[in-house]
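Look for chain A in each of the two complexes below; its partner is chain B in the first and chain C in the second.
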Partner chain A sequence: MPTTMDVLVCIKRVPAVGAEIALTADATAIDTRHLGFTIGPHEECAVEEAVRLAERTGGRAGVLTVGPPATEEQLRYALSMGADHAVRVDAPVADPEPEVTAAAIAGALGELPPYDLVLFGEASADAGHAQVGFRVACALRRPVVGGVKGIEVGDGRVSLRREAGGGVEVHDAPLPAVAAVLEGLNLPRYPTIKGRLRAKKAPVRVLAGPAATSGLRTRRLRHRPEARAETVLLGQGAGAAPAVVDVLAELGVVR
Partner chain B sequence: MVLAWIERDAQGSPTAAAGEVLATARDLGGELGAEVTAVALGEPGDLPDDLAKQGVAHLVLLQHELLADAPPATVGEALAGLVAARGPAAVLAAATPESTEAMAWASAALGVPLATACTEIRPGEPWEVTRERAGGILLEDAVLDAPVRLATLTGGARTTGETAPAPEVAVDVVVPDLDPTLPRARLVEHRARSTGMTLATAPVVVSGGRGVGSAEGYAVLEELAGLLGGAVGCSRVATNNGWRPHADQVGLTGTRISPDLYVACGISGATQHWVGCMSARSILAVNTDPEAAMMRRATWAVVGDVHEVLPAVVAEIRRRAGP
Partner chain C sequence: MSAFPDRAQVVVIGAGIVGNAVVHHLARLGWRDVLLVDKGPLPDPGGSTGHASNFVFPVDHSREITLLTGDSSRQYAELDTLTTCGGIEVARTEERVQELHRRMSSARAWGIDAELISPAEVAEKVPFLDPSVVLAGFWTPSVAVVDPLRAGELMRERATAAGALTVSALTEVLAIVTEGGRVTRVRTDRGDVETEYVVVACGVWSPRIAALAGATIPLTPAVHQMIDVGPIAELAETGREIAFPIIRDMDPLMYERQSGPDLEIGSYAHRPILCDPDDIPSIAAAALSPTQLPFTPDDFDPQMEAALELFGGILDRPDAGIRHAINGLLSLTPDGHPLLGETEVRGLWSAAAVWIKEGPGVGRLIAEWMTCGAPEIDPHASDVARFAPHERTRAHVRARAAEGFNKTYGIIHPREQWSSDRGARRSPFFPREEALGAEFFEVAGWERPQWYRSNEPLVAELGVEDRPHEWDARWWSPITSAEHLAMRRAVAMIDLSAFSQFAVHGPGALAYLQHLCVAQMDRPVGRVIYTPVLGPDGGFRTDLTVVRLGDDAFRVITGASDGARDLAWFRRHLPADGSVALEDVTSAVCTLGLWGPRARDVLAAITDDDVTDAAFPFATARTVHVGSIPVLALRLSYVGELGWELHTATEHGLRLWDAVAAAGAPHGIVPAGIGVYGTTARIEKGYRLMGHELDAEHGPVEAGLALPRIKEADFVGKAAYTKAREGEPEATLCTLRLDGTTRFPQGGEPILTPDGARITDRRGRPSYVTSAGTAPSLGTHLMLAYLPPWHAVEGTGLLVEYLGERYPVTVARAGRTPLFDPDDTRMRG
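On to the complex of A and B.
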């Protein structure tokens, strides 16, 4: 019989960029004036998994973000997916350095009721530092496994599956534990209207953040130089087929 | 001293990514006037010979029973201990998931920052790095200010190629002091993946997005991929709709691929998809919208409906192949 699982998922508000990315005038950030915001797919799967684990074991599924009040939009999205409580650790920006984020999360976990499992995305969708979950695990002295694509709960333990070393690995960890997960772990649900209405009115607990700093500081962002030649238009519709097959033949991929 | 963390393959040889780490460490050591020490797990095997050829004269082998079946965090604990003992100027590792996890734990244990996915490291006052963001669509120039600089390197980090071999490699076995009271995850099962062509290794990938319209719509992509000796890929819209398994997804949160040819059918070319296929040697886009970003970035473009263009291409290939 699996333990009752109380699960916390750490999520990050990130700009939902399209085909082009505009930078601010000082090039220190993405210009978000015309953008919406979202959470990364890894984290969406983490929320889905937490909700399922809580449902299955009669536990709780919480979500936490570190950032300014605007980041509550993403907490509410997670609540609409079925999370039952939300915590915001106050920070002036939604994209703090990973050391700062980890200190804020580890500090909050000291104040909140205990969780059996804390889930992270493998990497945040914008900065992609790929480290916050491991930092939190280190600070809290908890076992941690990354790249997780399968979670099974046992009695006081959790079994974490991931792809590594040219195959599939299963790791067994005592609870409480930490995992960084990957998209593909599950297929996240779309929030229902009922879920959205409930999320709108749900309270968000706000905690003060620590005054941490980091030696890693962004100077500027820039676009990767792209060296692609002009696109060659091969034609329209079915009539383009001979030109397409000429190209394929030239590449040597068909006879 | 510059420490270079060396990932080894099943045969015990340094992985290709580890080779690039060594080359960058050598460059950095040259700039700093510091020697390079390679750090790896396990027994020496051929590693000292491999390192000698790369001009690296020092090897530390970390050996501890806990390292054999622990996930990378425990490697990170061992690395942190080594850093504390030896006081290197920098520690470099490959930006693979496993090495990144080890470095993340090490940096946390040491209380220093970690710059991941770096393409460049510039020692100075202060040190600076260039790292990839959002899957590499953006580059970030950042200060890395710490008593020891920890960084993971993406493929394509700076290397200088030729070096003089080292006459001799000094091998030092270190048994790290791992905290016996720390709760750890343990590897309990390892299954080798079936070999064969995967999305990541296929020379041709025929990929479909929302424009394919349905799970059944992928039949013609499967057929074309079969004729081209390739694999089928997809966008996140296809995965989210349940049309394709996530293992087929190309992009930031799917697989990054670099095939000779990427055929993008009914895919708009959002940045999160683009970072997964931008390393393809060539791209053929099929899209009803000539203004789609994928069409502008492709090598070749066909304006049209996937389900008109692809069947015609398949028929043309079969016609030319003859009866």
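On to the complex of A and C.
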């Protein structure tokens, strides 16, 4: 039985987009006027993992985000999944540049009670910089592993599994440690009604945020050149069956 | 897919349940070259049909909606897309229990099997529900779940098989071209189509599509929140989409239904969240679908608490997760009813603001209307033409939709008034009325005094009794009865400025009105003519007063609530040759009614013109001068008293009011409200009201309004009218007297035989209260109802069911002869 694990998951509020993404008039950001917000799938898995680790070890599962009050919606979502406390580091936007975000999180970790494990999603669902987890680990001088798809904790240590080059790497690190996880780590649960109602009333601890910026600016976003998915009609009725079998064989579904 | 056509008999835009039903029924009725287009893919183009809860509760207080729902259910069943599961509306409060009794009355009136059941019986049918928070349940066994996407597919298949339909999905309508106020062409991103008819069945997008043609469809998209919670073992193990009755938890304004292994929870309780048609995301940009917007959880939290109270046993489990949560879009209108019929652009039809439960029925109704000129189900309350111009504005639509949203499961009193966007139309008398403490009720935006607090002392003086039960007395005052008695005793002045008035003139005016009206219009100048106006099938389209002002000049005066609808009807029938001019002069004219035994004394005191009976007989009109104000005086009455309607230019109104009030003071004049005009005095005289007694299902013969002779000139509905006169009527409009009770039915209640059986005529039409009102001069409470001949016999004892109780009533009058002053001596006096 591992020792009690206190886990913190850092999450980011991102727009929930459809197939086509609208940009603002100056093309420096996604136009979110008609969009809802969410957290990325990697981060959902991170929250699920934290909740499970805390449940299994009798520890605590916290969530943290950097951003304005609106980002508490995502903190409450994580709380409704089973996280037990939430921290918001105040910032004017939910997407300061990675260096600033990392500095804010590192600063916050100095003020918060210590955690055994700090989890990140591999990369945010919108910007996808994949930097913050590593920057935080460096700032804290803790070991960090990215692309994690398996976590096992032992006495004072954590074993982190990742896929690499067609094989699997297993890293063993002393706690406290940092990991950036990938979707597929687990199957995240849906929030429950009770969870949601608890989350709604839960307090969110707010910490002062970063003042400085690193000077990194987004100059322009561009849509990918349109890659139209072609729909191929394989045929109609029973006559289509051989073609379907061929496709399934090609996909390796049948042999 | 066949090539995109360059010509179609009709283009139907929108392939949701409504558009599919329209093309199916058009094909069935013989239309060919029907083109159905949708911007989205099939079978689910992304509109509200794709995410609806798909359940059908058959009982509504509105007969029109109940008929549309019943027709739809039959169609869904015939397509094998309906699963009957039963449904229960549960009450948590005493007020709701009363409302469930009222729903029982409506169920009985419309002939739908339903039963009030105890909390234990509710829990028997839905074992995982906590009965301790429930006081009663309204159980309707025929509640069902339908599959509108599959139904739509089958309807398209049928129309296609008939060789009538071309379907073009992924086709965006870019423009609708009109010429001379008529649709001529639809421009799409696949090419242009020439057509004379377009049906807008675009749900939440309808206003935007109609605007392409310059027409208005006054609805707003609004959010209805829904979540799915599961998996729940008890539901999953049934192996069925729906195995338990649907619960409508009426007091928290929400519902719960099984959806496979999940419980779906929907709400009409959250704050109104309106959206603009232009802000709905495209299919590509939407995360789920254009009409499934991002869920806003804060708005739903109170509903989760309410759901836990009722279904805590299955919802409060760690593995039952919120698997799906949306802000689904639906269409809301200013009055909650659908928007059906031809718009202000000829050939452009609206089939919008329709729920799943009405979709197929609306399809049939629209197709019949387009084909025959009149549908079988009377679309009176759903007619898209019913709105005054200000009611079509974005601001009004949004204000009323926001107010109406939380009334979706609300307890709505029949006289309940809107509170938003009031004061849109005020008569020139308004300042005086306000000073007299008028209680204003609204009709078509007009503020009309219902009663005046200044008359309160009359209540005691005239010995008027209050109503002991709150529901009976809501939106009512004993002052109305006092004003009534004061009018019958002396004289009253009544603001009737909300009347809709049309000036009709030109060389073709007489022939035009002859064609629209049942009564002979070729009467001497100065004649006031009451006339039914019929639809092609001989049912009532409206009834109104026509005044012949000159050889080629007429004034048409009709009620405020049907004014816009009547104007559309009159406009639609204008001859193309320009020989008739039709002008809406409603706002140019104000009207003051002056009635009572002393009315002539009052009028004589303010005019030098001769107003004696010899000089100014009944049913005539003349211009008189009140000081320097020209007044068109009409000697007629809807209250059964001697008197006049005094019409003058709006700017003279205040002066006219003051002159009448001052001259009336020595005669004991009182201002009287519409409570007297529209209810108490009217019902004592048995006068019929459009939208209540008068509807498309009944003609003048049954309403007792057949005229002595049929005129020679042809008119709309003449054949049916002539035929109806030849046989015995299947129903007769009767006046019923309530025998000794302190309860007061208000309209819509079923009339039953003495042993409690439902009454229908040979055509299956039910007997129910079309109007009810206290008759202060007769000391009783009266109701109007159509009865089949075997019950339409004076002296017959029957029952009325009101809020769960049955009260004896007596047929006091069969036919039109008034109970009060049957010989009309008072108004001829």
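What we mean here is this: the second predicted complex is superposed on the first by the 225 of 255 C-alpha atoms of A that agree within 3 Å, B and C clash if a C-alpha of one lies under 4 Å from a C-alpha of the other, contacts with A are read in each partner's own complex, and residues count from 1 in each chain.
Quick note on the criterion: a contact is a pair of C-beta atoms (placed from the backbone, for glycine too) under 8 Å apart; a residue touches a chain by one contact, two chains touch by 3 or more.
Every value quoted in this text rests on a predicted model; they were computed, and no experiment measured them.
Enquirer: More chain A residues touched by chain B or by chain C?
Expert: B
Enquirer: Tell me which partner A:Phe37 touches in the superposition: chain B (first), chain C (second), both or neither.
Expert: Second partner only, chain C.
Enquirer: If we overlay the two complexes on their shared chain A, which of chain B and chain C does A:Gly18 touch? Say first, second, both or neither.
Expert: Both chain B and chain C are touched by A:Gly18.
Enquirer: Is A:Ala130 touching the first partner chain B, the second partner chain C, both, or neither of them?
Expert: The answer is first: A:Ala130 touches chain B but not chain C.
Enquirer: Between chain B and chain C, whom does A:Ile193 touch in the aligned arrangement: first, second, both, or neither?
Expert: Second partner only, chain C.
Enquirer: Using the superposition on chain A described above, determine whether A:Ser214 touches chain B (first), chain C (second), both, or neither.
Expert: After superposing on A, A:Ser214 lies in contact with chain B but is clear of chain C.
Enquirer: Counting only touches as set out at the top, which of chain B and chain C does A:Ala70 meet: first, second, both, neither?
Expert: neither
Enquirer: Which residues form the common part of the chain A surface touched by chain B and by chain C?
Expert: Correct list for chain A: 17-21.
Enquirer: Provide the residue numbers of chain C that touch chain A in the complex, in ascending order.
Expert: Listed in rising order, the residues are 229, 279, 281-288, 293-298, 301, 304-305, 307-308, 315-318, 320-323.
Enquirer: Where on chain B is chain A touching in the complex?
Expert: 10, 71-73, 76, 97-98, 100-101, 103-105, 107-109, 112-117, 128, 132-146, 182-193, 203-204, 227-230, 236, 239-240, 242, 245-247, 249, 252-254, 260-261, 268-272, 274, 282, 284-285, 290, 292-293, 295-305, 308-309, 311-313, 315-317, 320-321
Enquirer: Within their complex, state which residues of chain A touch chain C.
Expert: It comes out as residues 16-22, 33-37, 73, 76-77, 189-194, 196-197, 200.
Enquirer: Give the list of chain A residues in touch with chain B in this complex.
Expert: Those in contact with chain B are residues 17-21, 30, 40-42, 97-99, 102, 122, 125-131, 133-135, 137-139, 141-147, 159-160, 163-174, 177, 180, 182-184, 187, 214-224, 226, 228-229, 231-242, 244-245, 247-249, 251, 253-255.
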